[in-house]
Structure formats: structure tokens, C-alpha cells
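Have a look at the structure that comes next, please.
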């Protein structure tokens, strides 16, 4: 099984299935114990400087924004980040908390490219390694399976592969070249869900993005939720549990936790807020002012929500599509 | 004043390439508008697939992002990115839609950096799903709004998404699925395809009031020209009405 | 990436992702067209002698038993089968329709081993290759991903691997041995579900077994369903669709289609019927008599259901647990 | 007449090995009864995991099969076999329960064939989930109802499920997860473990009225014997009542 090519990108988080198993055995609690806590406590207890972190889904769609804002407030440093996102990654980069990015896409979709990403990477301040969007999710999937790598047919023949840490090998069955992606295990994962019980059994409505994979790829998993439901409800429809309690270390109640992003069937994206941020983000001082007002200037998520204003949030609820 | 602007023209041209009942991997921007327009006109059974899990959404309302709720509103399925990408990898997605900052004669695309890789002169968003779409969909349609020599270059700074790579057989040699690759390029000036033998970009249609010379002057590499050139159809009043009144009434994009 | 060991078992269905893609492109219809048909039509149109087939879940639990009985009635020959099951595989073996088995488990759980399997394999009539239960499902998962193989940590160090067609290689990242399983693509897959619409969008309640993977690993997929629901209902809760229509070639309405097995939240297993079959299966003549009465002796599923008797079925409905 | 039969004894002994709040991979038969009994007695928070997707079922009613509805009745999650097996592969499942037709001194198990592989003298069901459980769970508990020299053999005909393979370090050398392997063997005669240095099977407890000689005579390989042997506890009246009246009132198994 010949290795035909090896990407020259730096592997920021080498795969270690045995290390993950030992960590799980030592730190994860398989007992159903209540895990509801404040975002302050969750971030303070579970995130360390230098950690490799990942978030799901992305900045304008079911993102764990209240957790990200708290992460910025607590000013964790030298983070390594799975760079798939928009607003959430911009905040971390703007606050100079990131040393390295496994990047697939950081941008504002139709609105344009990320000014903050440019200011972070073009001076050589933040290191990058390239991946496709599927590749990042498949790397989580490999970790979720508990194996060191996963074969895929993306990235072949491109600079995306050359500047990644993937390898191309000859498939022993077909003899054709195939790309192997190293599993991506997170020190801490962050996911915002529609419903969770106090033990961390979670449900997501609509598309699940890569929540299933990221939850299982995380050594520590912090979940924020729109609402906390009784465990009896979870047990009534066990097939709807996408994240079982034993994966979860903290459950943070955060209604409107995805704001300024949307939460399907609950509230629509705050397009005004997002566009204002994107406009301001072109200017370092205005970016700083945004952080001062919306992040550092808020004690916690409740404070942030008060600043956004309940009338505005009620409007956004009216604007979201139903079933 | 003109009956339509350039964006509207591109949307209508892209929409005309969408086949009723086909699966199409839809990205943000023009492809979304084109898909929504196609569904409301000649292709009501178009199956729009979005990378984060939406399959077969109604597209009654225009999505603003590839993961947002309108990408799976009244969809037949709402799964996740792995399922969607693996569905493409298994060969179920006919059309892909891609954009680019740079494109070469083989339809290879750059959306990663301008200049050296690191540190770059300009850091672009990166591949996102583009590399996956370009690797797995059967026919990829590339939309480049400004057709000029800054975008149509002899050598792209970074090969983010595979076109025909270095030419005939190169995709297969790299391990990419056979019989896939770029299919059409839609630009502000013209419609282009890839000549079957050489896999090189070829001019096949001119937008209204555009000359062959103009296209050549704005292309940074030697462009093949089809024997018989068509003039790309102008949007009909009905297309424009639906686009403006039903697809994007808030003029979010247009 | 050294190959450390190669199983000596015969690979009955070599992985061919490109061949699968070409087949999909040529034969699968991405248009939403009605696919409701009788089990006779579905089996006659889509199953050929020599095909490699697989069924989900297993013989006493949400098995596609009405489809299996029709398959036996039509007497397809020289089948190669993913051998994970009980009653369903026993029927195929008893009717001498199988040449080769990728076997993980064929038995009657607490009741004992399969007499019919013994009569098929011990004389050397049916060839076997070994796999673990996870391995068979992971082989479907690899096929569902569209890749030729998948890395796992099962089967290592055992005769189960030696008599399989798996390979052990050195992981290029950790340097440790890891098992690679070849993807298993089915010519025809059979799944019984709770609800489907006329186009083949399917829902399953409770555990999903390996339905997600098998559906995506099948060139042709025949689905039987307890009930047909309107597509509007499917579109209202798109996250509940586990099998989208484009994977499906035939939708067969088969209420009580899993009998004598159970269908969760619908009806309980017919333990009497199952035990009688298991007892009879020890004797070739009695096995034949069972086939004559319950398979060949029934024109179709409706006829079978009539023979079972609606009173009995209503009892089984009362015996199943609720939510 | 005896206060309990052998099956009841084995169920109660196996139940006593189940830890409150731990995850346990449960197979058909005695493990199911033991898990149900443990949940109704000393381990109400035992998390029963079943291979086809059930996690944390109430086990109010005894499952008859590893995939049936009672394995996920009032469960916290009902997923599929890949998710469960990958959860074990990631190291989340503490205990596994296994049976065997043959077992050797290193706890390697055979459930595939008696005689040569093909054609075999006796074709057994095969691995099923056993190989996976034996590969991935941290501590495996093996239940062998009849303790005799036909089952406890020097060399098993087929190594279906890994014990300690050829001895210390062999699992790791084969690529299996470190610090996993057989933990206890529960039989009609005794309770056994595996001596830490040599990984060889060792007698640590005798069932009531059983002698060391009896166990040795019924074991086809040289058996280590712990310095201090305990006598395995008899089922209490309360255990037997719950087992007979609540766990298996229909006497399906007992």
C-alpha cells in the first residue's frame, strides 16, 4: 500500500485514538449526573490556553455564539481552531486568541471575504493548513469512529491537498489513488442545540450539520441549548437523541444562544446586526468597538440579550419559517 | 435604461442550464437565485442539494446562506454534511455550481490565496465545499461574474478545486471519479465549455453585444472557439418578473 | 504504509466505487416518481440469479420478511448474501438459493444455533467468509461513503480476520496496526420501514440498526413499509427521513411485513410461530413442510397474513411496548 | 429441592459483577437477565448498551433479542450498530459480556466452528458482535455455563474473539486498544480472573460445594489458583424473588 503523496501542511492536532480512549476512561462520567451550569463556569472549568477547539454549525446558523462570546470574555490564548465558520471565527481572530487554523472556509458567503481573517493571516500571525469542507467533517467522523484516519476522494490532485496534512495512498483493492485524512480529535467542542435535558441528552431540529461527528470527536463537549426538557421526554423518543449524555460535560441554558445567527424553527438571523458587524470588521478600531460593546461590554448572555432587546428578538421569531 | 442588469442576466443564463428533475449542488449567491428561478419556471422538479444537509427544499423563499433554514424548508430530507458529501461521492449529484477568484484553461479554480501560500498577499476564504463539489459532481458549472485577465489566468496562484488539472486523463490519474469535471463556464461576457479531446476551455456562446475579440482580450490564456457560436438568450420579461417579484423581492442579491 | 496481513477468505463482492458511481448515473432516477408496486413485481424486476443481496435489520426484528418470502417463492438462485440474521437467512438457505455467505452471525440467539445453517455449510455446499457484526455494518458504511475501504480496530489478532478478506496495515500516523475492511456494495438491498411515501422517502422508529448504511450501499433498494404516508408529512419533518427517495427503486406496502418478527411500537414478535419454525428446522422434511405452508403455499403477503389470522396479529399489536 | 438452579446462580453471580452507573455491553441470555436483575437491585443506574442501537433502556421488561424493542424502551438514545460499536471503539463502554463454545487459558473464545474451518465439523453462529465487544470494551466478562474439558481447552479450534491472544503484550502488538481484555470468567463451577503478569486464567472463587480439584479436573489446561480463594455468594432470597417475579416472570429463560 504505497504512499503516493504527503501534504506539507502542519498537522496541528495529530490523531491519537489510544490517547483519546485513555482520556475518556479517566475523565468521562458514564453516570447520568446533572451538568447544568453557567457559560462562565463551563468555559472557566473546561477550556485551557493552547487547546484545540471546534464549533458547530457555523456563525450565522445554529452557532454556539453565547459560548464563543464568553470564551472571548475570558480571553483564552494560543487556541488552535478547526476553521469552518464566519462570525464565530472572526470574533476569536479579532480578539487575537488563535495561533493556528485548520481552515476550510472562513468568509461571509455572498457578502464577501473576511477582513479579520486577512488581518490575521496576511501578516503571518496565524498559521494555516488547508482542507475542504467535507474533509474537516470527515476528519471529525474518523475521530468519532475511534480510528486514526479515513479514506476519501476529495482534495486529490490539488494544492488543497498539497498544503494539507493528508496523504495519498494506493488503495490495496482497486489499485487507484485515494486520499487519507487524519482523524481530528478536539480538546473542546462547542455545540448549540434546540433541546437538552439536565444530563446532556440533546436534540437538534432540521439539518444536523456535523454535530453528530463533532460531539463524538470531542474530549470535552460543552453544549448550549435553547431550552432544557425533562428526561422523560427524551426517553419517550430515544431515536431523536443525537448527542447522548455521556458525551457532554456541560449544559448551558442559552435561549437565543445562536444570535445574531438563526435557529431553525425558532428565530431568524439578525441580518442588520450581522451586516453592521461585517461593515465594521473592515476597520480594526470599529472591530474593537464591536467587541467592547457586544462581548466585553456584556457580563453574560442574559446581559447580551437585554442589549439586543426582546422586541428585536420577538421580531426575529416572527421572521423564521415554520414546518 | 437597460431592461436588466448583468447579475440578472447571469442568473437567468445559469438557470437555463438547470435540468428539470436533476440533482444540483447549490452554493450561495447566483446559484441559489438561479435554482429558485429554475424551480419557478422550466424546472419545477429540480432537486436542490445544500452542503449542510438540505435535500429537495421548496425554495419558495430565497436562502441567504448554505446552511440556513430555507435550504431545507419543506425538504424531503434534512441530514448533515457527511451524508450530503458522501451522496455526491457516491455519484448521485449531477450538477455542481462553483465560483472562483482565478480560473485557468482547464477549469481549475482558486479561492484560497492570491500570491504565495503563506503568508499570502490576499487570504481568500478557502475551499469550503468547492473542492468536494468539483471532485464529485458529474457536471460542474462555474460562474465568474467579471470576465477579465485578472480572473482568467494562464496559471492560478493556488489550485483549490480541480478542473481537468493538467489535461485529458489527469483527473483519473489523480484518483478522482472518472467522467466528471467542469462542464460550463458562465461569465459576464460569454458561455464556455471544455473541448472534449483537449479538455481546454472553449467559447461556445456570446452574451448580447459581445464580440469574440472582446472575450479573447479579456482571457489570459489561449481560448478555443467553437465553429458555430450562439448568442446567449436575453432574459424574458417573464423570467425577470419572477426573479424580481418572487425570487428576490427584497432585492437582497439583485 | 506496509500491509502486515491479508485475510485468506474469499472476497465475494470486491469493492468498486467507480463502478457503483457509473451504475448510479445510468440507472438511478433522481426525479421523484411513484414507485409503489407489489412484492411480486419488485422481486421479479429487480433481483437476478447470482446477485449479491443484503437484508436489514434481522429475522425477528424489523426484517423485510414479506419480501424474503416472495424471493423464495420466485426461487432466485446462486445468491451471495451478507449473512447477518436468523429467520430470513434460514429461509434462503433452506430453499437452497445461496452459494456464498459473508457471515457474521446466523443463529437463534438464546434458543440455539441454526440447524439449517449447519446443513448448508457442514457438507461444503455453501461457502463462507468471516466478519464481525460491526465489520459487516462498517463494510456497508464504507460503501455508503463511496470509498473502497474503511479502517477499524475489530478482528485484529484473530482467526475471524484470518478467514475474512480484510487486511491489516500499519497506520501512517500512529505506526500501529489497523484493520482495513473492503466496502460491501449490494446488488440488491431489502429494508422494512415504519413509513414511506410513494416516492420512497422512508422513516424508521426506534433503533435504526444499519438501515442508513445498507440503503446507501445498495445499487438497487427495495423497501417494504407498514404504511404509506403523504409526502407533505415527510416534508414537514425532513430530519426524520432516514432513506431519501432517490435511493429507492421499489416501495411495497406490507402491513405486518416483519411477521413473525416484531416491529417496534407496532406489533410484537410471534414467539410461538418462531419457536415452532426453529423446532421444525431441525428436521429437513418439517422445514420443507414449513416452506410449503407459509411460503410456497401463499400467493402473496396478503394471503400469508390471512393464514396467520388477523386475531393473532391484533394480539401481537397489544403485546408490543409503547413510547 | 434446591433453593435455586444453576442458571439462577449464574445470573445472580454475573449481576453481582455489574457496577452501578457503569456502561455495559449486553448480549442475549444470561447477561440480559443479570443486567435487569442488577438494575432492580444494587445497580439501578447501570447503563445497558445493546449492539443494534439501544442505550440506557429501563429494562423493566426482559428483552428476548439484542435488537428488539425492549432494548431501547425508555432509553436515552436509540441509534444504530455503527454508532454503538464506534462508541465502544472510542472507549466509552466499560464492561462487555461474552459467551463461548470453547475458551483457552488466555480467554480467547471460539463461537465459529468445531473442527476445521471449512467445511467444518460443526458450524456455530459466528462472531456476531462478540469479536467487537472483546476488542473494544475495557473489561470483558465471559460466561460459560458448563465448565468442562470440552469447553476449557488447551487450543481452541477457531479464535473468534480475542482474549489475551498469546499472552502479555499480544493484544497491543496486534493493534487492539491497550489495557483492555478479559476480566472475569463466570462458570457453573467457579469465578476466574486473569493473573496480571502472565495474563493466564486463574481461579479466584469457588461456587458453593465445589472443590479446587473439581475445577482443575474440568479444565483442559493448567489453571492458576489464587492464594486466597473465596466462596462465591449464593443468591439471596430477595435476588431470587426479583429474578423470578419481576425479571423473568414468564420463565422465558429460567
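Letters A, B, C and D name the chains as they come in the text, with residue numbers starting at 1 for each one.
As a convention for this text, contacts are C-beta pairs under 8 Å (C-beta built on N, C-alpha and C of every residue); 3 or more make two chains touch, one makes a residue touch a chain.
None of these values were measured; they are calculated from a predicted model.
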{"item": "Interface with more contacting C-beta pairs, comparing A-B to B-C", "value": "A-B"}
{"item": "Rounded Å distance between chain A and chain B, as computed from the means of their C-alpha atoms", "value": "28"}
{"item": "Distance from the mean Cα position of chain C to that of chain B, given in whole angstrom", "value": "40"}
{"item": "Interchain centroid distance [CA atoms averaged], chain B/chain D, Å", "value": "57"}
{"item": "Chain A-chain C separation of Cα centroids, rounded to whole Å", "value": "37"}
{"item": "Shared interface positions of chain B, touching two or more other chains", "value": "54, 72, 78-79, 89, 136, 177"}
{"item": "Per-residue multi-chain contacts in chain A, two or more chains", "value": "17-18, 145-147, 152-153, 176, 178, 206-208, 236, 238-239"}
{"item": "Graph class of chain-chain contacts, one of line, ring, star, complete, other", "value": "other"}
{"item": "Chain-chain contacts as defined at top", "value": "A-B, A-C, A-D, B-C, C-D"}
{"item": "Residues of chain C touching chain B in the complex", "value": "17-18, 20-22, 24-25, 28, 30-32, 144-147, 199, 201, 216, 231, 234-236, 238-239, 241, 244-246"}
{"item": "Chain C residues touching chain A - in the complex, by the definition given at the top", "value": "1-3, 14-18, 145-153, 167, 169, 171-174, 176, 178, 180, 182, 204-208, 236-239, 323"}
{"item": "Residues of chain C defined as touching chain D within the complex", "value": "57-58, 60-62, 83, 103-107, 109-110, 113-114, 117-118, 121-124, 127-128, 130-135, 137-138, 141, 152-160, 163, 168, 176-179, 206-213, 262, 264-265, 268-269, 271, 320-321"}
{"item": "Contacting residues of chain B [partner chain C, same complex]", "value": "21-23, 45, 47, 54-56, 58, 72, 74-79, 86-87, 89-92, 94, 136, 138, 177-179"}
{"item": "Touching residues on chain B, where the partner in the complex is chain A", "value": "28-29, 51-54, 61, 64-73, 78-82, 85, 89, 108, 112, 117-132, 135-136, 158-162, 165, 170-171, 173-177, 253"}
